[in-house]
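These are the structures, in structure tokens.
Okay, so chain A shows up in both of these, paired with chain B first and chain C after.
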Partner chain A sequence: MNALHRLQRDCEHAFRGADAAPLLPDLVGKAIPPATRIEVYRNNAREICRKALANSCPVVEQLVGDACFRSLAREYLDAHPSTSGDLQHFGREFPAILDALYSGSEYDYLGDIARLELAIEDALLEPEAGTLDLDALADVPPDRLGDVIFTQAPSLRLVGSRYPLLSIWRAHQPGAEESVDLSSGAEYVAVRRVGDEVEMRLIDRAAFILGRALNGGGSLNQVWDELPDDVREVLPGALTALSLAGGLSHFSLPES
Partner chain B sequence: MTQGVPGGAGPIPAIAGIGLRGPHQAHFLHDRPAAGWLEAHSENYFAADGIAAAALERIRADYPLSLHGVGLSLGSVDPLDAGHLDKLARLVERIEPGLVSEHLSWGSVDGRHLNDLLPLPYTGEALAHVALRMEQVQDRLGRQILIENVSSYLEFKGSTMTEWEFLVEAASRSGAGILLDVNNIYVNSKNHGFEPDDYIEAIPTTVVGEIHLAGHTVQRFDEHEILVDTHNALVCEEVWNLYDAAIARFGRTPTLIEWDSELPPVDTLLAEAARAEQVMAKYDERAA
Partner chain C sequence: MKTRKDVLITSAVSSLLAVGAFTLANQGVAQDAEQEQERCYGVVKAGANDCAGPGHTCQGQATEDGSPQEYILVPVGTCERLVNGSTTARTE
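Right, the complex of A and B next:
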């Protein structure tokens, strides 16, 4: 390891809040002690992390409050150091951290809110796609319908929760006044880009499960085994609901 | 188009511009306020199919645009991130910015990123390393970049040259130009105890392609004060005075008002840009 590598490693440890002792002999003291100077970089590291998470998950920040969110961001930074110079996807593990911390508590739904907020952010990074009209399937021979492979819109993100996820999110948008009954049941949301905006539509559980299953690129026959019985029973309706939510952009039929 | 807004083609004009930030993007798209030119953070537009890159392309049609990177980590000992550089190259090819700039700093080691602009030791080893990487970036992009001096809150005992010597030599060896951040010079002069005018006087008059101006914050740590480059306030009078000295030395130079946190209305940024214009105009008259 050369001198520059050693110095950068010592800085990284110190700025992340680990032992600063190896770095201190390398720093000029002058009027302000080196430990104080290191503290500026520690603060910056935490603030950069907090801002990145807050930009991605503003509703989570509202729900827990500023002090708690700062603490969460600090915990996240320790557990998931950034691995890129681009912070675009920095928060992708944030829902799992929230699940681990709040599962079973009154904030049980926080992880799902974070998933929805990250889905919104993700959708805006993807291209827009057309919507499949299921009438186009009329030309497919009935005995080949199971072989059809549906392509989902690249921006489609499906987020589900046993809580009223979208209602909670909407209640925390500027100007919203409605309150949410947390016991009002599960909500499943299809998120996708439409123009320069994100569209969010509630879908039913069957459409949600079918959409998740089709996400791997398999045909209806190929995903059949992973579908619960109650979804199999309503498959045409689930497919229609998924299509109406803009979740399907086109289909292909492999040669038999 | 609103009167006073230059078209998007060509280089960055030697006038004052402002930073383009997300909350202001719709205003620039729809109302086209009369800014001289705009500067965008490259990484915010890396998703080629996303809405941000498409919006930037539309804005580019109306305004001269500079791309300013914050994440390439030029001074890191980690290998240069080829994926990051590829995304930057694709964005540069698409947007055709008037200027491309990055920072004379590092931000990652052993694959862990702090996403901060961290200072290098001013040593021969660090100089050779960062200058080589600046060359590699320019080779990949097929164009010159500008390299910006950063704010710092500590100094390394191992440094064998001044910050300005390091900056000038890095630019000279790599063939890069200099993006001189006058606020960062002022912040560092207070944090490390040097005369900021000495810094300005040490920079050759021919290498400065852009100047940055921004606000900073005085943070207290027990009985100590450290100036932190927070980009959340008006440019202070001391920095305006230093900018005056810079323009006196370098002449009219593309000048950017940077503001990233606690973002004010665009009009506040435009008023700061107008003040920079006044400074440049003063030296136009003297040169005439």
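Right, the complex of A and C next:
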């Protein structure tokens, strides 16, 4: 192991809370003891990661409170240290951590809220969608419709929960006053970017399942095979709902 | 021979086209409505003008009621039905 690699490894260990002793001889200056300076750096690194997580998941932070969120962020950072200088996607595994901690409890929905918040952030970073060419689609011969492949809007994210996901999220926005009945049932949300804003629309379960299936890139014939019977029965409504939610941006028809 | 799958897929795309055409048609109506506006002079309240007028350059800066040189945008055909309304500016 070369000297730089060793130094980087020792830094990483020290900043993640492991024994900082191997790093101390490399620290110059004695005004503040080296171990204290490591501690300052470690706290700053943790705080930056906590803030990144809180920026991504402000509703989760509201729901659990500041002290609990700090604890969660620390636990998350220990389990999933940032592997990139870009903290934009630092929270990617946060929903899974929340699921593991709260599944079956009264806060069972926290993981889904985090998924929605991360979807919002993701959508904002994706390019604008094109517009589905309906004239061209109308020209597809009827016997080739099953071969049509729909492309979803790049920013489209579909998030579903057995809890009233979007209602919970909206109830925790500035100025919101309504309360949410957690037993009011599942909600499925289509998230996408429109200009500089994110648009969120409730869709039904069938449109949600269809959207997930179309995301695999298959033709309508192929997607049909993946759909449960009850969704197949309402395919016309599901495809239309998905389109109205801005979910379809292009289509292609492979040469026969 | 057509299968249930063929029927539902055809129906799905047909529904999409129908709703899409309806949506586009409605957007067209909205755009047309925006285009079919006309300037109506002589009916605007002070501070409620839509654009530049005598002595100022901005929306909302008209200083008197009913100025014949201040206008608001209204749907085409509306202005002639308003008291003192004129589609052209008049000198006082």
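Everything that follows uses one rule, which is that the second predicted complex is superposed on the first by the 242 of 256 C-alpha atoms of A that agree within 3 Å, B and C clash if a C-alpha of one lies under 4 Å from a C-alpha of the other, contacts with A are read in each partner's own complex, and residues count from 1 in each chain.
Quick note on the criterion: contacts are C-beta pairs under 8 Å (C-beta built on N, C-alpha and C of every residue); 3 or more make two chains touch, one makes a residue touch a chain.
Bear in mind the structure is a predicted one, so any value in this text is a computation, not a measurement.
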Partner chain in contact with A:L132 - chain B first, chain C second, else both or neither: second
Touched partner set for A:N2, first chain B, second chain C, both or neither: first
Touching partner for A:T36 - first (chain B), second (chain C), both, neither: first
Contacts of A:L124 with chain B and chain C, given as first, second, both or neither: first
Touching partner for A:A67 - first (chain B), second (chain C), both, neither: neither
Partner chain in contact with A:R16 - chain B first, chain C second, else both or neither: first
Dominant toucher of chain A (residue count), chain B or chain C: B
Chain C-contacting residues of chain A that also contact chain B: none
Residue numbers on chain C that touch chain A, as the complex places them: 5-6, 8-17, 19-21, 23-24
Chain A to chain B touching residues, read off their complex: 2-5, 7-9, 11-12, 15-16, 25-28, 30-34, 36-41, 43-45, 48, 51-52, 81-88, 90, 124-127, 154, 193, 196
Footprint of chain A on chain B - complex, ascending: 43, 46-47, 49-52, 54-55, 70-73, 76-77, 81, 84, 87, 106-116, 118, 120-121, 123, 125-126, 129, 153-158, 191-193, 219, 221-222, 224, 226, 228, 261
For the chain A and chain C complex, residues of the former touching the latter: 132, 134, 137-138, 140, 142, 145-146, 148, 220-221, 224, 232-233, 235-240, 243-244, 248
